[in-house]
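What follows is a set of structures for review.
In the two complexes below, chain A is the common chain; its partner is chain B in one and chain C in the other.
And then the complex of A and B:
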């Protein structure tokens, strides 16, 4: 990619998006665009982009921004796959539906509305809760963090705001379902989740599409703040079609004694890049970071994770597992940083990959940087094949080869799901993986 | 128990190699690196034209490459390089007998115990003082079997074809900035050839000593172990402590042919103001076996990642790495294994100890190329931290292009367990002794692979470092 400023992604587009927005936000977008223009496009010479060559995988100049009118808030007009995914999600505290980059539906249990819980599009929130947005928006994922962070902060068209007041506990997850349909489009959205002290929330965000005829780019910036003693679970399920480039930056801030867990499920898209940073910024904070992916054909997954321990007695535990078939490829780059003074840290990091076919390949870089001595830290990475004995056993019990392999892969990935505390999410993710395996077989 | 508050008062001044010999070099090039210096070195060595060309080309490559931005802090290095002497010739010719080595130089090696070790346990000894090998000898029984153990300069003179066939082929000039620098100004080092089927049952040893202040040492070693042969080569390095920084940058090329076995042991105990940037690489043929045993105890900054390229079916590579970083030291070490052929196996075990403001970094690569089916590799890194100002990092790269390969990597970081300390002290063992015991236990898997005299040396060092470390 020679020219990162294109006709569609331009200062003019930033101005157009800013129309009618409050001054602080207009300034924020303009500043972000400045940073974007000043920041060079990452190349493989950068350690963090060593194995994903944007020059070969992304052509921003060919993309346009969505010009279509937002879809109607009427399920009968929605695509069937979106409705099926929604129907699986009856048990929820609230829903958001995104179609082609815009929120078209949101609902929230009235009893939670009464308690002060907020779940709405960023546009609505700008009208009703401007002060909260001004306080939080782009503070956790600032434009300065990088080229894509800046681009997103300048060009986001819509997003989600979830706010849970002090002490409020949601028993059922908030479910977000996104549908993308316009080939050749670049979508930019943001998620802002603020969980006040001693609140509890689970958030599940699923993105779906059919295959695209040309490259389609989706960028999401996710900011999650868990205040003292709160419990937050963030889940992202990516089931995009071919020709999709999925780019997601997720940053989580865990305050004192909070529990902030994440799960990333990568099944679709031609190229998928997830940058996940967990910051443990209060004593006693804890983050579980889970990931699983299944690739085939020429899919490319790149997970770039970091665990920053800034205060004592913090814990983090990362487990990423994936299986790769066809000519698919995965990159896992993870780092645990224990900063000076973060004594009594427990930090772990494990990535395991199954290579199912001769064309598959994986690059793993599990890193540690430890600047405190009273810590327990470890990492492990393995690469191997399908357990031949398990497969043989299943086949001896009458399963055919494909069924047996599918079951062994599911068992391998199942370890990740068994660590998810919320039942509904497990069902959803299991169904998504089974569907992918079925298409695949 | 306030273990960590008192660990800081360690006596690092007890560096026992801190003695200076007053000997006048017969020639010293001007300070800094220039084409003139390169030409002088080549002229002093009376080299063939192709080697001068090789050096001059390398100088251009060196000048064209930027300083590495990764690894240790090299910010101050350019200023250091302007001030050091790249070539210091201590005597006119290399000797074959200790008696002929000038007294001042001989005294140095006597103090280091080299001649004594040669009499007792070694098949051959080489000693380098400043820029040149001052002594090289090989027992007669091995000479008769066709073993060559020479200074690198004599290797070029006496075995020009064998030399030229292999020199610079394993580590090309442009591999990195410092291999290019070494290719331009190399001086000293060993040339080793072990013929087919010959097994040396005692080690060859080379000893490197920097004596002058502001001195750069650039040894170059080329080792060829022919089919089915076996050998073990040991390298030791020391220097006195000066107030200015010194520089050492070696290039070690090793060829292990089919079914041959070779072990290369380094115990680096440079003074704590030495930059030590070394490139070491071995290629291993079918059924061959290469082991690097890499001990890094001294220097201000070491960047060294011994590597094994497993080129033939069933080749095996092993890297055992141990690093100790005290106050102000940074050991940026590790290893690389590259699996090119099927059924190749490798293992890397790294243990590091960081104390005071010391920093130990493991940096490694495990790469399995497509087609290297049934490759297996295992990497284990353990880091021990003694103080809250100590630091450790782990940066492994795992690149797998072959589905039928099995690779594992594990790393852990811990501090000395208070429970272990409590248990030992409750048995009447003094706290600092207990500390030393735990550290010894930690490095035991590597220490037991060392030749006896080095194992003893390592143990002594740890005891010394732990002495008075617990209040």
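And then the complex of A and C:
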């Protein structure tokens, strides 16, 4: 792969996407493209990319941008698996449906619309809420942060804007379902969530596809802002097919006394790279950071997390658990940074992996960087194998090998889901893992 | 008693898999329908190995001899198939299964015991579980706890009896069920076994124990003494009482182990 991309991902494409957009956004995209061109592609010589060799796993030059017309807002024309995934969902405050990179449907409970809650595509929001977008878009994940951040800021085709006004509490989650179908395509999208003070929101974003015949790239930049005293849950469920390269950059800003929790579920894609940075920027802010993954065949998962404590009395608790079968591989690299003055910080980081086959491998690289003297921090990583005694115990009760393995794996991973028990997510993820386990009987 | 015994063991020899360490050295044993047998022996005599070999533990390898269960060759079956055939092992050290509730575990196990194609009715299951737990004086909330996770010794053993009560085996092998229990916990567990025996008099039981005290609560018809991987004496309940009075040393003197130095408890 080279740093210069082909015609598809180009300044021309940026110009074309900018057509009809407000001047500030055109400038933002042009600037981002400029940053992209000036930024070298990360190599394995960088610690952050040591275990994911982009030169071998990603060929941006072979990708095209989606040219197809947006699908219709008519569920009967949507792919079966998309509809099944939506049917599995429980009640929701609102929905967004993405097909091949474009929002084709959005709805929101009218009583919430009346309260000033906004849930719509970024394109719609540009027309209706331009000032809010201008204030927030790419401020949390700016182009300057890196090669992929810049590429996304230049080339995003669509995205989601969710805004919850002060004091407004949504009892049911907002559910986003994405379907990708075009092999050889690069998809760029953004998510912007702004929860004003003392509001409450849960957001569940699921992406799925069948297997692709050639490499397909999906890049998502997620910006989550939780203002003072708000409660926000962000959940991303990745169930892409083989040949997908899933790349997601997520940054969460937790203001004073807010609770901003995330859950990343990685089940699909050939290569998956998640960069998650939780910033605790107000005193008393707290973030639980949960992750769960199940790999098989030659899947590669790379989770790169950081917990930045910038103010006193902040807390963060990270728990990532994964099971790896076949020749799959996972990398977990996490750092806790306690900045000067962030006294009374409580920060924890735990990564546990269960290896189900001799070919599976995990690299765990936890790290601490502490510049305050009155803090409680710990980190730990464990790697275990499927316990033979546990398996025998279950089999002695009549469970066959597959059932025994299934129970142990689900029990192991279940701890993560029990920490963020959102309606429908646990069932959905459990079913998805069961499907994967069943393939390996 | 029917002509075909529930369990017939002949000349059984077994070793730790992938080692030369022989543990069972020509063991013979026969258990009829509805019979309660006790095997007693010093530590290291191979009692627990026998229990694991019967249940199909992959850590042991049978090198000689036969085991037939209700006329069928037991040794060719996998651990799960033995369970489905009606063998139940109450573990000496029940294994912790993190994150899996007892209810979920038992539901999966009971489903596995149903004939092919038959779906377990979730409400029926719930009713049966509640009834079984009531019979064993267990609180229903117990079923929501994760399997053996943070359980006391007594809770672990009661959980084994609950599983036995749900799966209704033809042969229950109870491996040192009394170990690690105080007398109150022992009574509760024994009481549970006796209730199951009253319910199904055809169930056969093989009690494996180091001490006589369990046999005060579950009365065996036959008592065998095991030393150095084989049965060295068989008789009625009086054998256990003799052991209680004289200890195992008598047998070790009579039957020195193959290499001349008897393992002493």
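Convention: the second predicted complex is superposed on the first by the 433 of 441 C-alpha atoms of A that agree within 3 Å, B and C clash if a C-alpha of one lies under 4 Å from a C-alpha of the other, contacts with A are read in each partner's own complex, and residues count from 1 in each chain.
Definition applied: a residue touches a chain if its C-beta (ideal position, glycine included) is under 8 Å from a C-beta of that chain, and two chains touch if they have at least 3 such contacts.
Bear in mind the structure is a predicted one, so any value in this text is a computation, not a measurement.
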item: Touching partner for A:385 - first (chain B), second (chain C), both, neither; value: first
item: Contacts of A:368 with chain B and chain C, given as first, second, both or neither; value: first
item: Touching partner for A:356 - first (chain B), second (chain C), both, neither; value: first
item: Which of chain B and chain C A:343 touches, first, second, both or neither; value: first
item: First (chain B), second (chain C), both or neither touched by A:377; value: first
item: Chain B versus chain C as contact partner of A:410, first or second or both or neither; value: second
item: Per-residue touch tally on chain A - higher for chain B or for chain C; value: B
item: Residues of chain A touching chain B in the complex; value: 47, 340-341, 343, 353, 355-385
item: Partner chain A, residues of chain B touching it in the complex; value: 4, 70, 370, 383, 385-415
item: Footprint of chain A on chain C - complex, ascending; value: 55-59, 78-80, 82-84, 88-89, 91, 94-100, 104-105, 108-109, 112-113, 146, 163, 167
item: Residues on chain A engaged by chain C in the complex (per definition of touch); value: 387-390, 392-401, 403-404, 407-408, 410-415, 418
